[in-house]
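Note that chain A is present in both complexes that follow, paired respectively with chain B and with chain C.
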Partner chain A sequence: MSEPSKIVKTIASIIFPPTMVFGIYVILHGHLTPGGGFQGGAVVASAITLLLVAFGTAEIARRLKESHLSVIESIGALGFISLALLGLTATFFYNFLAGSGFIFGRIPPFGSNPGDMNTAGTLPLMNISVGLKVIAGLFAVVLVLAFVARSKGGGKR
Partner chain B sequence: MIEELYISLVPMLMVIAAILAVHFRDLISATIALAVMSLLLSLEFYILHAPDVAIAEAGVGACLTTALLVFAIKSTRRMEER
Partner chain C sequence: MRRGLAIPIFIIFSCIIISTAIMMRPFGEPKSTEMDDYIIKNAQNETGANNAVTSVVFDYRGFDTLGEATVLFTAVAGVLLVLRRYIHE
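Up next, the complex of A and B:
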């Protein structure tokens, strides 16, 4: 497979920042707008995959190792489970931050309103954990297959 | 009326894209046809008022699956045998 042309590389570098910002927006506003951890994580992972396809496997592999991805994935899983366990004073998954006045702790106004970012308690933190796990998991699948494709016959056609 | 037209038009285009994906002998073209079908499916989810599923479908179906199939084709043959 030949090197991607200059057009592909330029368009990929233009498209990459808006896609990344949209993915992070979907993750962070998961408790207000459609989407959440999984959807935003899939968008961010597809943005990184775009770079992988446009700039080649060697360029990405120099900056990112699979062990880093596995660390990120473990941080996501451990964060989710520990947030669930921290509410164990009442029940499992108890939302101990909602209405406490601490981070994400404001009580939302009643009735129809544009939405307040600083509400919903542990839900945004759980969305961030799920987002980290989904980014690492989905990108690891693509990265492993790209390594296999390069070692098996990348230079042949 | 106009919304019903959209709801019935998008699946027809999806069927056309799926038939093209089976028909093409160049597997890269078939992969792109499959990505078009996936993107139209996410548009259909959006028309049916399910934006959650639409975002997930656009990210996973149209981008990641296409990249996976392209890498798989890269390590095997590009043209399908008759």
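Up next, the complex of A and C:
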């Protein structure tokens, strides 16, 4: 397989930042707008996959080790479980931050309103940890499959 | 012999499926709405999230999300385990 053309590389470089920003927005605003950790994580992982397709496996693998992805995924999983365990004063998965006045502790007015980032208690934190987990997990799978394609296909990429 | 068994079974299952489709409730009118009404009324006050779907997924039904995350973790671990020898080459 030959190297992708300059057009593919340029368009991928242009599209990558907005896709990344959109994915991070979907993760961080999961408690206000449609979306959440899983969906935003898939968007971010697809943005990195775009770079993988455009610039080749070797280029990406030099900057991003597979073991780092495992660490990020473990951080996400442990954060999710420990947030669930911290609510154990009442029940598992108790939302102990909602309405406490602490970080993310405001209660919005009832009914439809524009929303406020500083609400919803543990939900944004859980969204972030699930998002990290999905980004790292999906991209680790894509990266390993790209390695397999490179070694099986016999090409340079 | 097999054909004689297959045709009655096919007719019975067709009758069950068609009668279920005829007896189905109209779309958007569930039989019991207590749980929906509770979540619509209280989700904003109890969890503080404007997005009621997220408050269900991560708070009321947190266990389900935990299982979902475990499924993802298991899938990734399985893929990395099977294709491990291609990583370091």
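Definition applied: the second predicted complex is superposed on the first by the 154 of 157 C-alpha atoms of A that agree within 3 Å, B and C clash if a C-alpha of one lies under 4 Å from a C-alpha of the other, contacts with A are read in each partner's own complex, and residues count from 1 in each chain.
By our rule, a residue touches a chain if its C-beta (ideal position, glycine included) is under 8 Å from a C-beta of that chain, and two chains touch if they have at least 3 such contacts.
As the structure is a prediction and not an experimental result, all values here were calculated from the model.
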Partner chain(s) touched by A:137 [first = chain B, second = chain C, both, neither]: second
First (chain B), second (chain C), both or neither touched by A:46: first
Touching partner for A:80 - first (chain B), second (chain C), both, neither: second
Touched partner set for A:145, first chain B, second chain C, both or neither: both
Which superposed partner A:127 touches (first chain B, second chain C, both, neither): second
Which superposed partner A:55 touches (first chain B, second chain C, both, neither): neither
First (chain B), second (chain C), both or neither touched by A:34: both
Residue contacts on chain A - larger count, chain B or chain C: C
Which superposed partner A:108 touches (first chain B, second chain C, both, neither): second
Touching both chain C and chain B, counted on chain A across the two superposed complexes: 34, 36, 38, 138, 141, 145, 148
Residue ranges of chain A touching chain B (in the complex, touch as defined): 1, 26, 34-36, 38-40, 42-43, 45-46, 49-50, 52-53, 138, 141-142, 145-146, 148-149, 152-154, 157
Parts of chain C lying in touch with chain A, wherever the complex brings them together: 44-51, 53-55, 57-59, 62-63, 65-66, 68-69, 72-73, 75-76, 79-80, 83, 86-87, 89
Chain A-facing residues of chain B, complex: 51-52, 55-56, 58-60, 63-64, 67-68, 70-72, 74-75, 78
Contact set on chain A toward chain C in their complex: 30-34, 36, 38, 66, 70, 73, 77, 80-81, 84, 92-93, 95, 98-99, 104-108, 110-111, 113, 115, 119-123, 126-127, 130, 133-134, 137-138, 140-141, 144-145, 147-148, 151
